[in-house]
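Presented below are the structures under discussion, each in the form of structure tokens.
Next come two complexes built around subunit A: one with subunit B, the other with subunit C.
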Partner chain A sequence: MSKGNSKRGVTRRPSKNSSGDLEFVQLLTPQGEPIKHPDYSVNFTDEEYRALYRDMVIVRRLDAESLSLQRQGELALWASLLGQEAAQVGSARALREKDMVFPTYREHGVLWCRGLDPILPLKLFRCVNQGSWDPESHRFHMYTIVIGAHALHAVGYAMGVTKDGKVGSDDGEAVIVYFGDGASSQGDVAEAMSWAAVFNAPVVFFCQNNQYAISEPVERQARIPIYQRARGFGFPGIRVDGNDVLASYAVTRAALDAARHGQGPTLIEAYTYRMGAHTSSDDPTRYRVDAEVEAWKAKDPISRMRAFLTQQQIAGPDFFEAIDEEADKHAIELRERVLAMPDPEPVSMFDHVYPGGSPLLDDERAELVRYLESFESEGVR
Partner chain B sequence: MSRVKEFKLPDLGEGLTEGEILKWLVAPGERVKLNQPIVEVETAKAAVEIPSPYAGAVIELYHPEGSTVEVGAPLIAFDTDPDAGPLPTPPASGENGAGAEGGAAGGRTPVLVGYGPRQGSARRRPRRGTQARAEAPGATGDTAAAFPAQPSVPAPPAETTPAVPSGPATAVGSGNGTRPVAGLGTLVEPGTPAPPRRPAPALAKPPVRKLAKELGVDLHSLVGTGPGGSITREDVRAAAERASQQVPGPGPAEWGPNRERRIPVKGVRKHTAENMVRSAFTAPHVTEFLTVDVTRTVRACKRLRSMPDWQDIRVSPLLLVAKAVLVALRRHPMINSSWDAERGEIVVKEYVNLGIAAATDRGLIVPNIKDAGRLSTRELAQALNDLVTTARQGRTTPADMMGGTFTITNIGVFGIDTGTPILPPGEAAILAFGAIQKRPWIHKGKVRPRQVTTLGLSFDHRIIDGELGSRFLHDVGRFLTDPETALLAWD
Partner chain C sequence: MADTLTLGKALNSGLRRAMEENPKVLIMGEDVGKLGGVFRITDGLQKDFGEERVIDTPLAESGIIGTAIGLALRGYRPICEIQFDGFVYPAFDQIVSQLAKMHYRSQGKVTLPVVIRIPYAGGIGAVEHHSESPEAYFCHTPGLKVVSCASPQDAYWMIQQAVASDDPIIFLEPKRRYYEKGVVDTSLSLDQAYPLHASRVLREGSDATLVAYGPTVRVALDAAEAAAEDDNRSLEVIDLRSLSPLDLDPVYESVRRTGRLVVIHEAPRTLGLGAEIAARVTEQCFYSLEAPVQRVTGYDTPYPPARIEDEYLPDLDRVLDAVDRTFTF
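What follows is the complex of A and B.
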């Protein structure tokens, strides 16, 4: 994919845009009209534009299927990404293969773009394992459930990248950490930003401000816009329309390039909205009003991209229909695979605790095996 | 696999044990698609729609709306191949009947490992004969005793050992139905010697604690029958039932050493306090009173109640007060306005979101009836009923409470004559409706016993002058004095 233009060193002041008073980088209005920005732009081929749309439709469809599976008792929990497709797909497609990702438990769209099997998070939320992918193979770390903890992991990793001498050229590596507006209130995130600034770590803090920390609205968590916090730590912060996949791509691309060239961290606040519940255990109607949700529906990331593709004659009804069909196919396959998923062997819980095993765990495993064998028939339900 | 599939209520939210059926979205015989919403269920955490796990036709709904269903209990039966002709045998209601397969995949119950209801101990597979018994002498089948004796796993202290009934007699049900038995907790009788007080906190899940709090049951006075000696809902309910049969004595007051009690200000109380302070110190309040003869309003309510199509609805004088306010607001639209200090403007509203102050268990809340001015009197009565019911059930949503334009506070229900209400923030006027009492009144030149009440209107003097406020209050009073004429003349 092509590169977003950036002007590092120039004051990054977000400009006014079509969404009223809010200041953020936007390249596509909610109606799908392309707009120019002095610092950021994209230069995609038609094929690449269509691919972004396809990514967003598929991750939304898989997300909906996963939520249904939770409601049907097949998953213990699901954290839906509905509404945040553009922020995730745009930023993830800006990554290079070597860049490292530290996600939260909602980054199903990023996981998809990194080329991981979309069944993997469902195994985690079905509780058949603790997350079973190799973080190295797709450069995508485990989902972190502890809010904000992985910001420290990411900064530590990024400091290691510097020590390995892998920054400072166009060939450099960058690290991105995803978190939410709620996590930005965590001490861990503040510590991570302090360290990242002081050590000039090649890390991009990608905050999806989806407006709610579960039920707590963002205005009760921060006195200033979240991106402005970066200034206090000593690195640039920028806000992007998180429902605009093109702007999310361009801004993230620029921040990653800055990091890989040794120019240090950037905080990106992707201004978006969680259209669904925090997780399947949450009921958003208890703390927010329908009118607010309706207002955000008009800014939907997928319908915006679809309008753009239609207006620019990059894609037509046949294409959209084909993508919907493909997404349905993926969803059906996902469902079948979940239903066919075997329950884990109880002893498998010991498998991935320490890379080289541990005498205590070995004893405990042996004890559990003995206990299980004391029953007359096999297996334990 | 059988074409008849049962779907059991799954654990919808990380460790829940039951859910209430709010609304069925399908009916027996109806065709459903995969993932089509079939039922709304409310749990302790959320009200959610469950999408259908099968495509086919609905055979039976096992539970009516409003009933509480345990996690793992069969909810609905589907025919997954409705075009293949009539079913061979109808499924037995409520349990896994002949030919019905539970679960979404080959008999798997949709309750995940580690979640959901406790299993009856009859489900436990038998241990291999002698060896295990030799290792654990006196094994009774409950979890703690069934583990091989290990020094690292201390046995629970004697007084916390739960009175878990053991053996197959505790579980009922046939086939693969595993419905837990509602075990009754043992309430410690006041007359019997009290057992040693347990130092540890009582074991109970948060929803059970909440229930105990609501029913006034002290968890420490119970011995739980749940897993590990935990206290179950049934234990609490049984204790509450017993307690209700005893004569309540004077409760010991929980005063501190200086005979004062300190209550943290939070939740609705805090919200109310903030609103009241903000309103009282920003809007200059004026309050006016008017005492009126509402005998004809009381009679009108009676006549409404006797009308055939008004049988199913509660009619109170509040309905006519609300109607009076709506009619009077149309004559004096400036009353239905708010002060926008930021922009230096008065915002006059064409719509009336009529707030009704309600005292609930959670404190004072003011939900409003949206666009009440467009409702017919019958619709208004229905909306009032719904609003009160929702508030009493504690289910009023933030949306219900936002955007009010004029409020009525019905302090008469407490037997009070009238008051000087404080304006809800963003509203220009509020009406207090006092108690209706029989008083001597000059009626047609003679002193008669008449139904009389006093209205109190507070208004924001920045927007409303004394004249306008007076005219409005006077109109509300005239309406209540003679509702029929007022309706004919003004509506």
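What follows is the complex of A and C.
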């Protein structure tokens, strides 16, 4: 591991611009002031600005409720999106209905924007099923827990889009795959990028660099900014302020449009921060300091949007209060539905192993049924 | 010296001792350094042995095993941690085609003393990919050795023996037993400790034989206890310990006395270890068998959602039912 090898043109740390901020596309400062960018802009109505805020507040509230359900023993695990609302909502709202999404296990905000029932990930994390929603119904694939594997699925899907003649015009379709900074080290992700480049696949690689893969800081995965890797594969890479919902939207929108028009893949690195633990099983005090977390709090995606809406007089206290109330309502409903969620029938474990079933599984199912019935006839041992 | 340790802590102490014994021993994996591993099995080791010897790797399993092979070629003895059973598969080529075969391909010129630790099997109420039992893939691969510990004493000694061995070893840790306590005699030498590739009779009995390994050893012992109390049956319990190579002589010897055998594992039944053991016992003990060998295993499905894993996993009642069946022939 060489150190400080600037003579090869490699910087070990992300470069800083004059304002001391990282170089990335930003349209809203942490204080909520709009700033101009030469290449990216948004053109929202007031209504649309408010809708982005609403999405972020609701997904944060649902996330908090899910975490508390986990703490109360109702979920086995929860992977919180806290801090990543802007990256997820901004990118997801840039999608068109027929675009296809391949998420990891943390994209509850994207799931919300795609219009799926927010209870679905809680079924997975309660361990009543393994994420069994229909990927086509909302053009949102199942969650993938095996890090990086789905990047290849996204590229293959995008190759299929091309084969179907669905790229090359404004009517074209695009595919987006979400993954983390840690995932960027996986062979599958590197292979996905090679394939995407070679086949000019209409795919957007959306990497949420939340600075950590469990305990490992991003320096354990990459010695250059992640977005710069794209160049080596032969397509553009760009870094966006992932805590800026407007910039996340604009950059993703442009990349999706390039893909649907036949201009091939883009890698977007959304520079953000995992404000909570990796999952409910994790203890981040073992590997990061409070000061770091505090510094990122000042860049919070929701308060910045709120400041913007206030300063621009797009929304006021009444609106914010109403959204908070609405979010609470969603959270209460979510909780009630989790508490009422039945366990699956044990024999359902034999369903769907094969499309047509199998004689072996029929025998094993019968064996389990006999076994369970034996308790009824005998009384429990 | 004897300490009472959890299985997890025994592994931690065993790893520490292996690191002390030989400066060429390295630990590498995801989150093994600063965090001490998601199960804290490597807790404190980076602090004491440094980042050069306890390495937080990039998130890439093929990379972990592939570079461990390179380090072994260069004279190091890497202990790799795969975070969970279901995440070993990205490393499958490196394990099965590279690690397992290099000694053979080099006609013995190359040895690869790599240990791959895998917290495995179910029963912890986890989401998918965190509860699997992949041992058969590795046992089916000549060139690899595969072991599984079931007690703190074995955890402490087997991990050190595995590190000292020149073979590539898949070291399977029953994660749901990490917190079970037992007495560990730390005063032995490696040679005095019970041999790595030997099975062991844990409880003597005369009516039927139970064979288990890893997480199901506790199930077998509990079943034997219940059978003694409730059914007045005397069950012998054997912990396989080594899954490849298998040490079946104690099993044959036992079955010749009891005439009945039940094999217990969490992995799916088809082509699992139970199949191999049943075949060999049938070959060796045909005239002693009073009943066909019974298998109590996971079903031939993907590991199910954890809310119904209790019905999937072999438990005491299923084991006792299988014992009952051996008395109906």
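Here is the rule we go by: the second predicted complex is superposed on the first by the 356 of 381 C-alpha atoms of A that agree within 3 Å, B and C clash if a C-alpha of one lies under 4 Å from a C-alpha of the other, contacts with A are read in each partner's own complex, and residues count from 1 in each chain.
The rule is short, and it goes like this: a contact is a pair of C-beta atoms (placed from the backbone, for glycine too) under 8 Å apart; a residue touches a chain by one contact, two chains touch by 3 or more.
Because the structure is a prediction, the values reported are computed rather than measured.
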A:Ser68 in the overlay: touching subunit B, subunit C, both, or neither? Say first, second, both or neither. first
Answer with first, second, both or neither: which of subunit B and subunit C does A:Ala76 touch in the superposed model? both
What is the contact status of A:Leu368 with respect to subunit B (first) and subunit C (second): first, second, both, or neither? second
Residue contacts on subunit A - larger count, subunit B or subunit C: C
Considering only touches as defined above, state whether A:Ser280 meets subunit B (first), subunit C (second), both or neither. first
Identify the partner contact of A:Arg126: answer first if only subunit B is touched, second if only subunit C is, both if each is, neither if none is. both
Just checking: does A:Asp343 make contact with subunit B only, subunit C only, both, or neither of them? Give me first, second, both or neither. both
Partner chain(s) touched by A:Asp324 [first = subunit B, second = subunit C, both, neither]: neither
Return first, second, both or neither, reflecting whether A:Asp290 touches subunit B, subunit C, both chains, or no partner chain. first
Look at A:Glu216 in the shared chain and tell me whether it touches subunit B only, subunit C only, both, or neither; answer first, second, both or neither. second
Return the residues of subunit A at which the contacts from subunit B and from subunit C coincide. 76-77, 126-127, 281-282, 286-287, 343, 371, 374-375, 381
Per the touch rule, the subunit A residues reaching subunit B in their complex are 65, 68, 70-77, 126-127, 277, 280-283, 285-291, 339-340, 343, 367, 370-371, 373-377, 380-381
What does subunit C use to touch subunit A in their complex? 30-31, 33-36, 38, 56-60, 62-63, 86-87, 89-90, 125-129, 226, 230, 269-270, 299-302, 304-308, 311-312, 317-318, 320-321
Could you pull out which subunit A residues touch subunit C in their complex? 76-77, 124-130, 145-149, 182-183, 185-188, 213-216, 220-221, 281-282, 286-287, 343-346, 348-350, 353, 360-361, 364, 368, 371-372, 374-375, 381
Going by the contact rule set out above, which residues of subunit B touch subunit A in the complex? 7-14, 35, 45-51, 53, 104-105, 109-115, 125-128, 131-132, 135, 147-148, 150, 397-399, 402
